[in-house]
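One chain, chain A, appears in both complexes that follow, with chain B as partner in the first and chain C in the second.
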Partner chain A sequence: MDLSSFLQNVLNGLAIGSVYALFALGYTLIFSILGIINFAHGAVFTLGAYFTYTLISGQFENNGLLKGVNLFPNGSPLAGSAWGFALSALVGSVLAGLVAVVIERLAFRPMRSRGADPLLALVSSLGVALVIVNLIQILVGAESYSFPDGIYGDLPGALLFKLGKKTIIIRTVQVIIFGVSMVLLLILGLVIGRTRTGKALRAVAENPGTASLLGISVDRFIVITFFLAGLLGGLAGTLVGSSFGIAGPYFGVTYGLKGLAVIVLGGLGSIPGAVLGGLVIGLAEAFVPADYSAYNQAVAFALLFVILLVRPQGLLGKLQIQKV
Partner chain B sequence: MEFLQQYGFLMATMLQQGLLGLSLYAPLMAGQLSLASPGFYALGGYIAAVILTNPAFAGWRDALGYGIYPLTWLLGAVVCGLLGVVVGVPALRLRGIYLALATIAFVEILRVLALNLSITGGAVGLFGIPQAFGFVDRWQYLWQFLPLLILTLLFFHQLSRSRTGRAFRAIREDELAADAMGVPPTRYKVLAFVIGAVLAGIVGSMSAPFLNTWNAKQGTFDASIAYLAFVLIGGSRSMWGPLLGGALLTALPEVLRGLADWRLVINGLVLVVASLYLPQGIVGSLGRKPKPPIRPSAPPRDEGPVGPPYTPETL
Partner chain C sequence: MPLLELNNLSVNYGAVQAVRDISLTVEAGEIVTLIGANGAGKTTTLRAISRMMKPRSGTLSFDGHDLLAVSADVVVRYGVAHSPEGRQVLARQSVADNLELGAFIRRDSAQIQADIRRMYERFPRLGERRGQLAGTLSGGEQQMLAIARALMSRPKLLLLDEPSLGLAPIIVLEIFGIIKELNAQGVTILLVEQNARLAMQSSHRTYVMEAGQITFSGPSAELANDERVLHAYLGG
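Now for the complex of A and B:
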């Protein structure tokens, strides 16, 4: 492999890896607070992409109950400019965050208050995912939708660099995905590490009982966590959707599964771990030789399996010793 | 007869899914949450499908006649059992959610392999699998699944009364205590895992002729969760739970057929509502109250508004 294809692979890997990180952070935030995996997260990712798409295009022309409905008869005011896309992405992600809060209210809180088996939360969150995915299908059909051209306004589609005889292509989407993801991860790290809210979140994650004794409203912080998780998941969905198109209501499922590999690789419940895990898996996939690209989908799970056997606590996780 | 014509396929499917629920229940008897069943089910099915369709095995098929079908079951059981040992020995060092995630990875890896190998027919899969024993109607597969189910239930019943069954329960209740009492946890955990793998493998090899075609969609993450839902919604403390859960949840979409597109939405709602209101599962809610433990457990601690601590170990 020469230098230019090496660099190209690194760039591709970092772009997709940062989306994995953004998405997996939602899993990790909820896991660190509740110790459960929210399997509806993949559906929230999908919803985020659909919400943003709705704001940009205003209609779903292919199929479903909403066929023929047009939100913006005179064309969406948000289409055709980079700021319009940024605003739609923001609103779409916030809506996804609100859906995540509703999911918490309907599927997780009642279980928590009953002290139910945490395994049941797996099943109920999957039930929620099933409902969301099929509602999307009923409303807008199973067809794929791609974002219209020009969502990035006047920005060029790709930057080309000459390196010797080869050319390295950097798609604008990739730069945006990587930049947005890294800025958000940085902000999230600062919020959790440096602010009062973050301190309270960490306290709830450490020990909810003690946190509530200290006057922290545990339920409120759980709601905040779900909102943040949904926001990040929805934004990841939007970014992936704007880059590769929305491949139908089920397009979050693959990311949902890969997200699991990401958080385990990095260490369950570890925020820097989720970022590292996402980047490692993104890079590993980018370096799969073209001849074996069909096996690309197995890379994340092979890594997951190996890390569980070699270092179950993940790259950055803490080892938990089982006590009597 | 007309009843069988109309509902026989559904009934056979209900039994088949109930058996798969039981294959996930087997490791759970020893307290291990494994979601590997769809992987073994798919593998068992591929073994049967390859033997029954691949020209390389034409000689076997001619020589054995109908005897080829029991042979595929045997091979499915043996291969899945061996793979169960190979995967189980390292994987069962993991606990709770970690084991569940490792087995999800196992299922996904097998699925990607099945999608890309040529012997499994790639993305198209294998089709034209001959009907077992020259069956002409789908309901006749009840002759396959019903005896297997009865044997499985008898086996689980005997198992639960044996020394092994008691060891499983001891590990399920408290692995460290069981270890301290001289019950080797790893050996029994691997055994429980392998029992599930063998059962899923046999069901798979019986299902390839039943479904006529076999492809990578047979062993997916969705199936893992479906079987988990069978067990949890049916009841995870008795072998009747997974069976009932599997049968009911398989019949549900058929019952809701009139609702067309909405049936999967309703199916999802049922999962949510059942996990909220039937935390012990259907069988657990119907059955007698569990016998009080000999050592009274500690009174429920008030952990604040969040309920019990959700550490990975409690999973």
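Now for the complex of A and C:
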């Protein structure tokens, strides 16, 4: 492999890997607070993409109850400019965050307040995920949707760099994905590490009982966590959807599984681990030769398997010490 | 009117009745201790007051507020700080962050920082270890951190659960010295202790609990000389 294709693969890997990280952080946040996986996270990812699509296109030509609906007969006011895309991505992600809060109310809180085994919330969240996916299908059908052309406005489609005789192509959407993801991860890291809210959040994660003795409302911080997780998941869905299109209501399932691989690889409950895990899996996939790209998924999980043999706690995870 | 008043309070732990029909008061300015054997229901009583647990029946009021109507995070806003059994410092956060979180209900950040400095003066070893993770502190240091953290909310009433547990005798004396000092500065204290002799020496009034009920109560100086209490709890 020559230098230019190596660099090209690295760039592609970082771009997709940063979305994996963004998405997987949603799992991590909820896991570190509640100690369980929110299986509806993939559905929130899907919803985020559909929400943003609705804002920026609003056309549902395929199937379902909304067949033939066009919210913006004269074209969405948000289409065609980079700021319009940014605004619709923001609103779409916030809506996804709100859905995550509703999911917490429906699938997690009733279990928690009855003192049920946390594992049961795993099943109820899976149930909510199925309901969401089916609702999407009923509303807009099972077909794929592509974001309209030119949603990034005047931004060039791609940047080209000459390296000797070869050209390295960086698609603008890749730059957006990588930039937005990294900035958000940085902000999140600072908020959790430095601010009063972040410290309180970590207190809830470490010991909810003690946190409540300090005046921290545990339920409120769980809601905040679900909102943040949903926001990140919805944004990841938006970025992937705007880049590759929305593959249908089951769009989030593959990402949901890959996100699990990412957090296990990085170390359960570790925020830097989720970021590193995402980038590692993204890079590994990018180096799969194009002829074998159908085996992308297999690569992610094979990598997971090998790394767990060596480091069962994941790359940045701490060994769990069983309390007796 | 007493600062804290429990009337016929009962608390269940699952199917077990851990506290039965107890009535207890704490007046502003007092140090009151609750002594009794392991499993007598002392910790459960404190956990009910701070609303870590839900009492089954009875009334519970503090400073004019009905504590049965609110959750734990509101109780501390009314002015009750609870330094729980087993210390329960936030092991994965620094000493300084533990203290800062102790002041979570306050918004006056300049005052909070000043209070943190005062805590470092009072507990110099916490000052030396301010950047260290709380989980790496010794037992005595963690106990001091738990008390200091509880004080950071500027409570009217401090609930202390077994502050001497597992500590060397010299540190225990130091901690009881601090308890008296705090009380002299106006903090009302409800103390749960296994070390009955020391607890009675350091307090104004004592309640004795046995199998979930209060069996004796009175001024500590009197109870400390009461034959029955002596016999049952002081091994004399």
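Going forward, the second predicted complex is superposed on the first by the 323 of 324 C-alpha atoms of A that agree within 3 Å, B and C clash if a C-alpha of one lies under 4 Å from a C-alpha of the other, contacts with A are read in each partner's own complex, and residues count from 1 in each chain.
As a working rule, a contact is a pair of C-beta atoms (placed from the backbone, for glycine too) under 8 Å apart; a residue touches a chain by one contact, two chains touch by 3 or more.
Keep in mind that what you see is a predicted model, and the values were worked out from it rather than measured.
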Joint occupancy of chain A by chain B and chain C, clash or fit: fit
First, second, both or neither for A:Ala200, with chain B first and chain C second: second
First, second, both or neither for A:Val280, with chain B first and chain C second: neither
Which of chain B and chain C A:Gly209 touches, first, second, both or neither: both
Between chain B and chain C, more extensive residue contact with chain A: B
First, second, both or neither for A:Val218, with chain B first and chain C second: both
Contacts of A:Arg114 with chain B and chain C, given as first, second, both or neither: first
First, second, both or neither for A:Ala89, with chain B first and chain C second: neither
Lowest inter-chain C-alpha distance for chain C and chain B in the superposed arrangement, angstrom: 5
Chain B and chain C footprints on chain A, overlapping residues: 207, 209-210, 212-213, 218
Of all residues in chain A, those that touch chain B in their complex: 34-37, 39, 106-107, 110-124, 126-131, 134-135, 137-138, 207-213, 218-219, 222, 253, 257, 260-261, 264, 268, 294-295, 297-298, 301-302, 304-305, 308-309, 312, 320, 322, 324
Of all residues in chain B, those that touch chain A in their complex: 33, 90-91, 93-95, 97-98, 101-102, 104-106, 108-109, 112-113, 115-116, 176-177, 221-222, 225, 228-229, 232-233, 261-262, 264-265, 267-272, 274-276, 279, 300, 302-315
Residues of chain C that touch chain A when the two form their complex: 50, 52, 71-74, 76-77, 81-82, 84, 88, 90-93, 97, 100-102, 104-105, 149, 153
Chain C partner contacts - residues on chain A that touch it in the complex: 196, 199-200, 202-203, 206-207, 209-210, 212-218
